[in-house]
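Please see the structure below; I have some questions.
Order of writing sets the chain letters: A, B, C and D. Residues in each chain are counted from 1.
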Amino acid sequence: MTLERWQKASEWPLIGAALIFLVAYSIQVIANLSDAEGFWADAVVWASWAVFAVDYAARLWLAPQRGRWFVMNLHELAILALPALRPLRLLRLVLLLKLIHTRAGNALRGKILSYVFGAAAILVYCGALAALDAEQNDPQANIKTFGDALWWALATITTVGYGDHYPVTLVGRLAAAGLMVAGIAVLGVVTASIASWLVETVSTEAAEKSAEETAAALEPLEALEERIEVLTRQVELLTAVLARTTDGARAEPQEDRTS
Amino acid sequence: MTLERWQKASEWPLIGAALIFLVAYSIQVIANLSDAEGFWADAVVWASWAVFAVDYAARLWLAPQRGRWFVMNLHELAILALPALRPLRLLRLVLLLKLIHTRAGNALRGKILSYVFGAAAILVYCGALAALDAEQNDPQANIKTFGDALWWALATITTVGYGDHYPVTLVGRLAAAGLMVAGIAVLGVVTASIASWLVETVSTEAAEKSAEETAAALEPLEALEERIEVLTRQVELLTAVLARTTDGARAEPQEDRTS
Amino acid sequence: MTLERWQKASEWPLIGAALIFLVAYSIQVIANLSDAEGFWADAVVWASWAVFAVDYAARLWLAPQRGRWFVMNLHELAILALPALRPLRLLRLVLLLKLIHTRAGNALRGKILSYVFGAAAILVYCGALAALDAEQNDPQANIKTFGDALWWALATITTVGYGDHYPVTLVGRLAAAGLMVAGIAVLGVVTASIASWLVETVSTEAAEKSAEETAAALEPLEALEERIEVLTRQVELLTAVLARTTDGARAEPQEDRTS
Amino acid sequence: MTLERWQKASEWPLIGAALIFLVAYSIQVIANLSDAEGFWADAVVWASWAVFAVDYAARLWLAPQRGRWFVMNLHELAILALPALRPLRLLRLVLLLKLIHTRAGNALRGKILSYVFGAAAILVYCGALAALDAEQNDPQANIKTFGDALWWALATITTVGYGDHYPVTLVGRLAAAGLMVAGIAVLGVVTASIASWLVETVSTEAAEKSAEETAAALEPLEALEERIEVLTRQVELLTAVLARTTDGARAEPQEDRTS
């Protein structure tokens, strides 16, 4: 089995594991369960972790150059091994946007905007979850409920940043950094899509005008055609006159002319 | 009566109802009237609600596929039925921007900017109203006067977000979310309009230069035309000489030439 | 004297009055002078006000349709009559940007960026001044020194909005609104200039490629020219043969051919 | 030795000095060393300062017009002489981005984005360092650890601006101003790159369509060519017939035809 085949075959199971992880992790974080209370949720989180670990091992095994693959994918090992990076496993859900991809039709800008808003929604949810997980048990933190976490994530990704809630732990701030960068990207894509649409609408008019001008410049071509027709008729006439003049002319040239 | 006719006929009455609702709702919220004091304002709000309800019922009745229409317009039912979503009825006022549309002339960018600033102004006002309605009777809230609410809405839509005032209730935060998204759209449209204007100005010059170059490249066509004309005249001359040479030639070929 | 002449003649004196007003007003506000202490500054402010008032009266007098001019320029009357709008007189300093205009050379984007950064600098200074004037004697305000006011204005125009300082008075908030809108415009112009430069750089390459393709498409034109030359030579040959054949041919046709 | 040669030869030593300065300065600031504790770090900072001073003196000496060079480079003297401007020496590290330049390949947008993100990362680090240096010993400041400083710098450059941490000293605020302006530039470049990519993708399709249309419009040219070829052959035939008819014709015309 090759690496490509494995990745193709494992894509949907991994998204499924990420979804299950999302649900269990959401319950665990939002209910702020202790280890005892959240036994079942914890078990599901570990089960989904096992799926990711198996996938990692399988890909490492199948890689043509294992050493190189290991170095290039160190971040995946970190996400698997470090509990603090757990929320990053949710990023695999961005692959769900492939569904949007298929449904949104052909228009490039429509696809891009769907992607960006889909990714923004996933990021706001996962960023809020990650920040809440990191913050809620910190005595100095001010993000204590999932509602506050979502509100904070929204104010961050739109770069509004009221400052009524803000992360104080390292993991919470890393989640914030991700949301800030995503916010800049969202702003960029929205603006760029509008700009591109405006430029296209205006330049289409310009292109039509330019096409008309080219057509006008090509008008002599038709005049040329007519002129050559006149010339042809004239030569035909000459031939006819000549044929009449030379009484001994034979028929072959007439036949040749049709070839 | 068809659905389209109803919608066309009901458009202005509904905008009127929305305007009346705006005034009554503004008075109710800004003066923070109790149910007893605000009896008249309340009655007007209910009357405008009745207009919206009648419109909803009529459209549901007239829809060709009622089940489908009902599912596609669930959000309208929610706006009618849930008091918390009352402010969303004001969004119908965005239709007033049609008046700008008619007056702003032809330029695409001018129209778009007028729309966006008009929509931003309506959104700031309605967002401030909705947030104030939700916040002012909450003990922990800090948006207590309409001036503060407007100021907060402006700081939100421009993504400045000082954080001196911020919503703490769910409805207030939903209004904030609407303003944030609108702020990104405003920023995008302003930037895109300037970018499109700059690109157009620069590319128009480039297009003119390119058209000149094409015209220059097509100049040989005219030279060619002259050349063929000379050639034609030469052949004509030849024919004439030939006709004169052969004394027995008849007049028909000469006549043919003029056709 | 016509209105146009007056406006042309009064332009620089008015900018001078605005500059003097700026200095006197700055001293008055930054030193937070009482009416007694700031007598001289106050006198200068009133003198510059007189210049603006005379200009207003003169323009009203010279206007072809005084009623219409009065209605169209109500905002100028408000700026003259209402002390709270005093800082808006400083907006006339934006005319100083004409100097940049002359010096910055031809490039459209360079001119626009110079304008925008010049206007942003003037707005930050005047916005800070106006906010400080409105806020510093308010007991609940937190903008109390010119340093804080400048810092707040900068955080506002860049839409950062820390919230460590923020206006609480109506005039201060109006100044903030101006800075916020200016901030969106600055962001828009910066982005648009970069975008336009990128688009132009890329599209110039595309235009060159397109010009090459058009040139390639026009190559048959040259082939056509050669073909017609061959044809011409052939007809000349025909004429020569014919001349030799008909011994009685005269010289006139040969002369005609050169015409 | 000329100024250009010196600048070329001193470029890498100066970047090296800036890197050494960065490390020593980082240690000094982050550990908040007193003068006694930080003796070694201090010595290294002074050594790198000496390198910059020697470079300044050498360039002043080598400049063709020393007076003019002195005036044009007053900011460099200020950076050397004023301890508060020390962090600005780190800006020389932006020259390290030349390495990105070489590695990122040809695509214009890729290069620009690499530059901007590289510069943003350097600016966040240096801005945090400069602000921490200025703030940490101020009793009223709230940026006291390097983690907080980095977090504040990130929230500033992305224009989020929570306001949980903010500078209160002049130098800290100047660092903030630099980060704010950089933030606007980053936002502008990201948006512009996406917009340019979208415009290019769309306009390439349009250009291809336009090129096809021009090609289609030029198709008659080929038809014309064929037509003239037929005509030429006909005239050739005519000449041949004529030559055969006139028995006394010589071979020269036939030879002429091939020339």
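FYI, a residue touches a chain if its C-beta (ideal position, glycine included) is under 8 Å from a C-beta of that chain, and two chains touch if they have at least 3 such contacts.
Keep in mind that what you see is a predicted model, and the values were worked out from it rather than measured.
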- Where subunit A and subunit B touch, do the two copies share over half of their residue numbers, giving same, or under half, giving different? different
- Note on the structure: Higher number of C-beta pairs in contact (A-C or B-C) found for B-C
- Here the gap between subunit B and subunit C, centre to centre from mean Cα coordinates and rounded to Å, is 26
- Report, in whole Å, the distance between the mean C-alpha point of subunit A and the mean C-alpha point of subunit C. 37
- Multi-partner residues of subunit B (at least 2 other chains): 159-163, 187, 191-193, 195, 199, 203, 210, 214, 218, 221, 224, 228, 231, 235, 238, 242, 245
- Message: Considering only the defined contacts, which subunit C positions touch subunit B in the complex?
- Response: 108-109, 112, 156, 159-163, 166, 168, 170, 173, 176-177, 180-181, 183-185, 187-189, 191-193, 195-196, 199-200, 203-204, 207, 210-211, 214-215, 218, 221-222, 224-225, 228, 231-232, 235-236, 238-239, 242, 246, 248-249, 253, 256-257
- Query: In their complex, what parts of subunit C are in touch with subunit D?
  - Reply: 147, 151, 154-155, 158-164, 186-187, 190-195, 197-199, 201-203, 206, 210, 213-214, 217-218, 220-221, 223-224, 227-228, 230-231, 234-235, 237-238, 240-242, 244-245
- Note on the structure: Contacts from subunit D onto subunit B in the complex sit at residues 159-163, 191-192, 195, 199
